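Each of the next two complexes has chain A plus one other chain: chain B in the first, chain C in the second.
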Partner chain A sequence: MFWHNFKYSFKTLLKNKTLVFWTLLFPIILGIFFHLAFSDIEKKETLDLIDIAVVSNDAFHENKLLAETLRVLSDDKNEQRLFQTSYVSLAKAQKLLKENKVIGYVLVDEDIHLTVNSNGVDETVFAFVMDEIKVKQKMMEAFTREETITKYSQGELVDYEKIYRQASQLLQQDTDVIHDISNQNLSYTMIEYYTLIAMACLYGGMLAMYITNYKLANMNCVGKRTSISPVSKGTMLLGSLCASYLIQLIGLLLLFLFTIFVLHVDYGNHLLAMILLACCGSLAGLSLGIVVATLIKTNENAKTGILIAITMCGCFFSGMMGITMKYIIDKNIPLLNKLNPASMITDGFYALYYYDHFDRFLFDVISLLLFSLVMMILSFHELRRQTYDHI
Partner chain B sequence: MKKVIEVKNLSKAYKTLKVLEHVSFDVKEGEILGFLGPNGSGKTTTIHCILTLLRFNEGTINIFGEEMKPDSYELKRQIGVVFQEVAVFEELSVFDNIDYFCGLYIQDKKQRKQYVEEAIQFVGLEHYKTFYPKQLSGGLLRRLNIACGIAHKPRLIFLDEPTVAVDPQSRNNILEGIKKLREQGATIIYTTHYMEEVDILCDRIIILDQGKILAEGTPNELKELANIEEKITVEVTNMTEKIIEGIRKFKTVDQVMFEEGILVVTYHKGKNNLSQLVDYLKENKVVYHKIFSERPTLNDVFLQLTGKELRD
Partner chain C sequence: MIIFKTFWNVVKKYKGTVLLYTVMLIVFGGLNMTTNESSMDFVSSKPDVFIVNQDPGNKVTTNLIQYMKNHSCIISLNEGKDAIDDALFFRDVNYVIYIPKHYGQDVMNGLHPKIDVKTTGDYQASIAEMLLKRYVEVERFYQSRVKEEEKFIKTINQTLETQTKVDITSKLDTTELTSVSRYFSFASYSIMAVIIFVICLVLSSFKEENVQKRTMISSMNYKMYNKKLLIASFVYSFLVWVLFILLAIFMFKGTMFTIRGFIYMFGALVFTFCSLTLALFISTLIKSKEAINGIVNVIALGSAFLCGAFVPREFLPQSVLTLAHIFPSYYYIYSNDLLKTMETISIHTLKPVLFQYLMLLVFAFVFILCNNMISKYKQKLDRL
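Moving on to the complex of A and B:
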């Protein structure tokens, strides 16, 4: 009986063009859109240097922190180079700004002064870097002052050069930390691909919902026919759900293959673990589909709408339309993302990317399996010996 | 004869609306029982209750001597249902549809293949095996629907208005098929609001209206209930109240109706009613064109019992 249901459910699902489109083709098409939209942005982000000018006076050369930071950020050997810097006189800097050859210039006297022409992304980045330098300078000054007072109060000789070296080292450590993390920062495109996979996993729920509706007498005539057959709903559904899971996995495999070989997405070193996570995610999607089919008492179209809404909301909260949303939810309503399968999937992907250990990844895998188990228990319990008040 | 179905005191209500009220009846082995009633009379609800698809408030249902429950799989194995709506997978071919539903009852592949082929032959879909439902006409779809319901050779078959919206050719094909099923030994419950069909097919008829059984018996027994022996219809051009009153005075006349040039006279008994009426019309110089006499129909029975037409 299992194989009989498996075989015909597989045929039924594969011959439904709408389902095939949404579960197999749509994620691939969306992947192509992401590729077209975001890969260009990233290239632009890495290639476009910001033209700035620095008034090369004595005060600038004395401010070692500023001079060194700008040197590093303008070094053409540096892969994270940000600026194309011209060291010029004040008059020349003003002329370059007027002719729009630079977006702004820095003048150092007792303080660091920044002059820009307009408000834009480049100007914001320039201003941000300058602010960071100012903050660090203040930190160094504060450290030096505190150390000097401490040494003085202890009656020790104040070695200004030593204190300055210590402050520089501390600052260097701080910069290193920032540097390391920035190296591991996920690109925006990767975040989108992760959410895309999560969405594809959950979209598989449509297959499960569709095939489950065929077992419910209050949904359609075929449901009536299957409900009066001498086979328990659980037995019938098991074969059908396995068929829909197989189609989901085929869809995911196609999505992985397409993104890797056609869109050249680099998923890093943990591809197998990612696939394992996606399989668990698909199971969660499938169980979500059965729950919507069995527990929500409404017509087929409304159920489809509800499932898509749940999926899209889940993806939205997990960061599909902007990673900030995931952080906001994590900070303010952590339970929501703990129960959100899309978030569990993307979180697992981030865990694989960021951490050397698998603890968090395994936590996400187990969470997805538990989510699936609970949803399935609820659904099968609802289906058991089901009769209706009206059909 | 053994009782295949025993329904006792079956009642069902949707909140305050009573849809079945103390319905009780038996179905004997090998008979065709007709459920006759207008739309919404409770025919399909009764079947759904018997099949345990619907919950009911009161009553007991036994099939083949055993209480019918949602998990009575051995009983379900012996039941076939042809629903009012076409219940097939749009995505599967004619053959696959029948094979799928038959496979829920028959595990043995070889036997199943034989049954499926026989069902296809039975409904005359031999040339449409690879067709998909959307490629079939309404009549052919109905035949597929029947094949899906009876392919596993059930002992008890429910046919819920299988001829609704079907062309005359397919309708005849379906009715012939039902007779064949009975010949093969199946017990059949046939619901319809077409009185001609139950008149031709059924051994016994139950007339339902507003969830209550109004009458039960063979077609002839029911027609006797109507207290009508004969009905004469005459197409006339001139008619007066005086002439109508004159007809009413005949001893055997039950009712006289005249509307839009059609005179209908019903008699509760009498042998020479037609000649007597013709003579009277001639005497009164009434010009008539068509005249015919007929036996009472089940619609007359229904009219007598409820005061309304069956298809109202």
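Moving on to the complex of A and C:
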């Protein structure tokens, strides 16, 4: 009877186009949208070439430090190039700024003046480089003053050219004291794909809910017939749930293959741990589906609406509609995400991707198993009590 | 009147959906309003920095921390490794500086102690790194020249206090306008989803076989029946527009009662009309209520993701933006972005914005045309 139920539940579920769309196709479609929208977002958050203009007057050419610094920072052979510089007249610089072809221009008279269109990161960097040049000028002045006084007190001739060269060399020394120890896996858009997996796991609950409804006498005629048949209800339900779990896992496998090979999502290097987490996540989705089917006494459409609402709320708190939401909840209301299965799944993948230890991952897996167990106990307790005199 | 009333009775069933998308818009608009304060003077972007100080109490170290405090936002966090790593991953912090033990003393002894840093690698982190590098360079320069601690700190600070004079030409309050523009761009998703979803479901109720048969044998003129359904759909769409405009007025009072604000409202109205024609077209194409749910999600989410309703257009790849030209949302969101940066408003400067609205009307015309063609084709099939 187990295999009979398993086989026909499998067929029934796969023939339901709506279920197939929401559990198998929709996560893939959403994954494509994520990929199209987020593929460049991190690249565009790094510093790019900044278009600037320099008013090429006599004062600018006399300021050797400024001219040389801008030349180096605009040199296309320099790997740390910052600027795309146009050397123009004041009128032309103003025109370029008005047409938004440059973010600002520098004018040298008695001092260095900057003109920009608006506030922003590029403008900050531009102003920062000008400040840097002025700081270096101050240091050069200090060095020249010091050297001149020393030479003068020693009765030696002051060679200003030599002092300038020495000062320049001194200022060009690399500051190698800053040591970067950052983690390499810092791509935060990965969280979006992890929430997608979480959504797919929990949407799988729709399969379990649909098939459980078939076993409930108050839901449809098949349920009535099943209830009065002389077959163990547990065996029948188990066969059907195994079929829905199998379809869930097939859907997840397709989603994983698609995200890994087409969208190039990075799940870390722990394949077995990833499979374990996906299985536990699907189990949580399945148990959630059964609990909604058994505990909530309403029609099928309302049950589907409730399950989707629970899933989408869970995904919202785990960062699907804004990556930082997960962090905000983790930081301020950690209990909420500790009870949220979507967050447990997302956090598990995040832990595999970002952390070099398994403590957090194991905590998430155990949490998912506990969640599933509690949901199953609630559902079976409810199912065991169901008897009808008449419907 | 009976058709008009029935339309609203069916709409009532979907008030939860309208409410859901409205709440999403309010949450999104609210989040956008919590951006930086506006200013007419040049204000540097300040990165979020967290400092782990293992050399407390030393004056040289304290001076470095003070310098970073003056030029960046210092974030307070739990000092545990996982808390710091999480903050970096989720961009709560752009840059973490680990000041080693005896840092200040080592500097005064002429040594060059290493400073560990963690960075997110984005532009904010680059600014933080530039700040730290500048400080360390100046510190190193005076290290061998000034031996007395107090004088050393004073010389560093005097050198670093130099600032270039920056003039800002734009007198636009871009902060408020960015929020308004983001609100209306996100509203494109809410408007499209609410209109397509509800109108398609309501019209599909009218197109159920039994209902349609009853209507056909009734005394009502078929053209009158269609006209009343159309009027009801128009009224519903107009009310959706009014709801989202009232929300916009509530959130952005300052901007909405200006010429720019009226143009934003007009743009939303044109987009609402375009969404309505799309909804009518889809309702002619599809009868199944279950299929409508899926199609609404794919169309509304797809155009929102690809056209810049969720992610600003400047962050989208060029190929995606090229593809997005096939969606009306692209032209609407582009018009919002144009309005955001427009210095002066005149007929001449408004031309590009009006062109986008014209494109929306072209889309609406195409949807109406396709709708009529398919309706006629289906009628022919029914007669056969």
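Worth a mention:
Assume the second predicted complex is superposed on the first by the 241 of 391 C-alpha atoms of A that agree within 3 Å, B and C clash if a C-alpha of one lies under 4 Å from a C-alpha of the other, contacts with A are read in each partner's own complex, and residues count from 1 in each chain.
To be clear about the criterion, a contact is a pair of C-beta atoms (placed from the backbone, for glycine too) under 8 Å apart; a residue touches a chain by one contact, two chains touch by 3 or more.
Since this is a predicted model, take the numbers as computed values, not measurements.
When the two complexes are superposed, the chain touching more residues of chain A, out of chain B and chain C, is C. In the superposition on chain A, contact is made by A:D330 with chain C only, not with chain B.
Legend: residue contacts after superposition of the two complexes on their common chain; A:H4 is shown touching chain B, with no touch to chain C.
In the superposition on chain A, A:A127 contacts chain C only, with no contact to chain B. In the superposition on chain A, A:I377 contacts neither chain B nor chain C.
Of the two partner chains placed by the overlay, neither chain B nor chain C lies in contact with A:L295.
Of the two partner chains, chain C is the only one touched by A:N119; chain B is not. Touch criterion met: A:F33 reaches chain C, while chain B stays clear of it. When the two complexes are overlaid on their common chain A, residue A:M139 makes contact with chain C while staying clear of chain B. In the superposition on chain A, A:L253 contacts neither chain B nor chain C. Looking at the complex, you find that chain A touches chain B at residues 1, 4, 8, 11-13, 15-16, 214, 217, 220-222, 224-232, 236, 385-391. Within the complex, the chain B residues that touch chain A are 14, 48, 51-55, 69-71, 73-74, 76-77, 79, 81, 83, 85-89, 91-92, 96, 100-101, 103-105, 107, 148-149. Residues of chain C touching chain A in their complex: 31, 39, 42-45, 82, 85-92, 98, 112-124, 126-127, 129-130, 132-134, 136-138, 140-141, 145, 159-160, 162-170, 172, 174, 290-291, 293-294, 297-298, 301-302, 305-306, 310-311, 314-317, 320, 323.
Within the complex, the chain A residues that touch chain C are 17-18, 21-22, 26, 29-30, 33-34, 36-42, 44-47, 97-98, 111-121, 123-125, 127-128, 130-132, 134-135, 138-139, 142-143, 146, 170-171, 173, 175, 177-183, 186, 188, 322-324, 326-327, 330-331, 350, 354-355, 360.
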